[in-house]
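The following blocks contain the structures, represented as structure tokens.
You will see two complexes here that share chain A, one where it goes with chain B and one where it goes with chain C.
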Partner chain A sequence: MLTFNSTNFRIWSKLGQRGSFFGIAVFEVVEQFHNVMILTADLAYLSGLERFINKHPDKFLNIGIAEQNMLGISSGLAQEGKIVFATTYASFICMRSCEQLRHYLGYMKSNVKIVGTGAGLAMTFSGNTHYAIEDLAIVRAIPNITILSPADATEAVKVALAAAEFNGPVYIRLTGGLNNPIVYKEDYNFEIGKAITITTEGDITIFATGTMVHNSLEAAKILKEKGMQARVVNIHTIKPIDTDSIDYANECSKLLVSIEEHSTIGGLGGTIAEFLSSQPNHTPLLRLGIADQFRHAGDYNYLLEQNRLLPEQIAQDIEKKYVTLNNREPGTLC
Partner chain B sequence: MSNLIKYNEAFISSFQITEDQLANLTYQSVQGWDSVGHMALIAALEESFDIMMDTDDIVDFSSYEKGKAILKKYNVTI
Partner chain C sequence: MNKKKELQINSLAAKLRNKSLKMAFKAGKHGAHLGGGLSLVEVFATLYGGVISIDANNPTEENHDRVIVSKGHCVLSYFSVLNEFGFLNDEELASFETNGSMLHGHSTRDVKRGIEFSGGSLGLGLSYAIGVALAGKLNNRSYRVYAIIGDGECNEGIIWEAFMSAAHFNLDNLTVIIDHNKLQYDGDVTKIMNMGNLKAKLNAFGFYTIEVDGHNICQLIEAFQNRISGKPHAIVAHTVKGKGVSFMENKKEWHHAVLSSEQFNLAISEQ
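After this line comes the complex of A and B, so read on.
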């Protein structure tokens, strides 16, 4: 039985989201659900599955560099009653096998959980071919697939358990590398589809997902020093998104902000914008994320800086937008 | 508690081994010292000695003896 305490949170943070998912959480998943299978497209050891393979060789298949085939086999196993986790880099699983994803998971609703690792900019020097900066936009457009995006390594563990229990196809988007910054220092309740408001006071609401939850909390600290208060909401479920959380923020905030390690088109910001567009007189939304262009490769911090996703830059951009807004009266939900 | 005892305890608890296995211990020489166990060891050492190790040092930490040399960089003498 896994223990959710600060010592383990520190170890899991060291392992990153991928390492804690495949090096820690999957053992708990197998203990609770005996019909689990894990498939990979040639990334067994790079995904941190070494320990799992040694302990459960009968529950593991390495399909080779054949992502489309992996989803076909995964779907077949799922139709025979298995709970299947299929993993490779996020860019490959969402794009190389997009048609299989659409047909086997979206259309057939096979009980397959695809786990995209190295999402966003985490693949650093591997370059743009390995960056997954459009994956949310692609998968979100396919019906019937739930999308989960954990904020830190602890939440990645919770996501693994929740996904195994959930009956239906899921895309799990893992961001960041080793030494994944810790967002949650104490245990908390995780529920698919329910956003978590981490800081509650302020007339700015920041919706963040993945690694950007930590950077948003840091940005909120900088804003506070300048006299501005921001609520930070962890949107760990991109689809179905928690519309109650957006409704509340829309009523009670002067400025809404979305932050993601993903293109500003079609991801978290796009989802919120689509929802707000159906609301009368909605609050302005500032969408921060990866610009609509391909940039040069580099190390992780360099890439975040290029896309203005470091905490200081996030705070600057929010401040710039905030001061241009006229006072807006709060609504009735506040 | 001496630094040596704290150092040994980190290995013993992280890898579920006994003290007599420590002397020639290297990465992957016991089942527990795999990639997951490695990070558990680093976290245990950081907590015991109140340090934060650089990524290069975490990667270089390949044996029980090598670890002693690396910790010296952080003013921890074993």
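After this line comes the complex of A and C, so read on.
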């Protein structure tokens, strides 16, 4: 039985989201759900599954470098009663096997949880082939797939358990590398579809997901020093998105911001924009994320900086927008 | 094989061909996949009439044999055989290609109606069948898995990923039937993308493979029984696209086509 306490949270953060998922959470998942299978497309060791394979060889299958076949096999196993976790890099599982995702998970509703590792920019010097910056846009458009995007290594553990319990297809998007910054120092309740408001006061609301929750909290601290208060909301469930949370922010904020390690097209910001556009009055939304282009490779910090996703840059961009809004005379744009 | 059984299956095949033609005619201007539906009539008749264990009154019984139709456009003969064995009632069959019907040009998973897999996008059923066969082993179930794929469908890369994994996982509870009717949408399979000798390729991938005349009930029955332990089983069924209707046989134009009443009457008169 896993203990959710601050000591463990610190240990898990060192392992990163992938490490806490496949090195810690899966053992608890197997304890609770005897019919679990884990499949990989030749990334067992990289995913940190070695201990799991040694302990539960009968619950593991390596399909080789064949993501499409992996999802077909996962679906067959799932329709025969298994709870299947299938994993490889997010870029490959969402794009190489995109139609398989649509067919086996979306259309046939197979109870398969795909776990995309290295999502966003975490694959650094492997380059753009290995970055997943369009995955949310792709998967979100497919009916019937729930999308979970944990904020830190602890939330990755909670996501693993929640996904196993949840009956239906899930895409789990793991971001960041080792030493994933800690968002949650104490235990908390996690529920699929319920956004978590981490800081509650302010007339700016930042919706963030994955690693960007931490950077948003840091950005909020910088803003506070400059006299601006920002609420930070962790959107760990991209689909179905918590519309109550958006509605509330729309009512009580002067500025809404979305931040994600994903293209500004079609991901978290896109989801919020789609929802807001149908509301009679809506607050301006600043969408921060990865620019709509393939850039040169670099280390993680470099890539975040290039996309203005470091806390100082986030704070600057929010401040700039916020000031513009405050200076705007009512009706001047009409 | 018992002569009586062979006669029964032949008579079942005749019924399936008739039903298939009626379904296609009823579909009217929407047309139907005639060629590849008719090439599989004897395979379906043999499989359901003499090989598999499955009961429409208990379709989810845990050990029922799993028929996974990856070649999802062969619905004319597939839905006809499901109707013959009580999985689809006459009213449901009559709803084929009507607005909102569960029965359209490709099958959609509905286990209570005997449909294990949603076909339509080619190549996807075989990987799924590998998963079902693996689950059979892991769950200690006695069912066999029968995956039906087309020869043109073997152009898809995922089919070869799946072939690789069948032998790798020692799936001797799997039989793959290739409907080798030699024609795909654009023409002769050897001209569009020549796959050479399918039996040799399957054997090289670790299968135990039998080649048969896919319209010969006796040969089909024997092929289904002729398996060896430890290896996945494949049957390359040499068939004729549009089999049983003189003006459709071996004509790529009948892959998906509209049947006029004149053509329908002529086709029925040949049965």
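One rule holds for everything that comes next: the second predicted complex is superposed on the first by the 325 of 334 C-alpha atoms of A that agree within 3 Å, B and C clash if a C-alpha of one lies under 4 Å from a C-alpha of the other, contacts with A are read in each partner's own complex, and residues count from 1 in each chain.
Going forward, a contact is a pair of C-beta atoms (placed from the backbone, for glycine too) under 8 Å apart; a residue touches a chain by one contact, two chains touch by 3 or more.
Bear in mind that the values here come from a model prediction, so they are computed numbers and not experimental data.
Touch criterion met: A:Gly48 reaches chain B, while chain C stays clear of it. Counting residues of chain A touched by each partner, chain B versus chain C, the larger count belongs to C. By the touch criterion defined above, A:Asn179 lies against chain B but remains apart from chain C after alignment on the C-alpha atoms of chain A.
By the touch criterion defined above, A:Ala141 lies against neither chain B nor chain C after alignment on the C-alpha atoms of chain A.
Once the two complexes are overlaid on the shared chain, A:Thr7 sits against chain B while remaining clear of chain C.
Judged by the touch definition given at the top, the superposed model places A:Ile24 against chain B, while chain C stays out of reach.
When the two structures are aligned on the shared chain, A:Leu15 is found in touch with chain B, with no touch to chain C. The contact sets of chain A with chain B and with chain C never meet.
Residues 109, 116-118, 121, 124, 126-136, 138-139, 141, 157-158, 161-162, 164-165, 168-169 of chain C are the ones touching chain A in the complex. Against chain B, the residues of chain A that register as touching in their complex are 7, 10-11, 14-15, 19, 23-24, 45, 48, 50-51, 54, 178-179. Contact residues on chain B toward chain A in their complex (touch as defined above): 31, 34-36, 39-40, 42-43, 46-47, 55, 58. Listed in rising order, the residues of chain A touching chain C in the complex are 37, 58, 61, 63-64, 66, 68-69, 71-82, 99-100, 103-104, 107-108.
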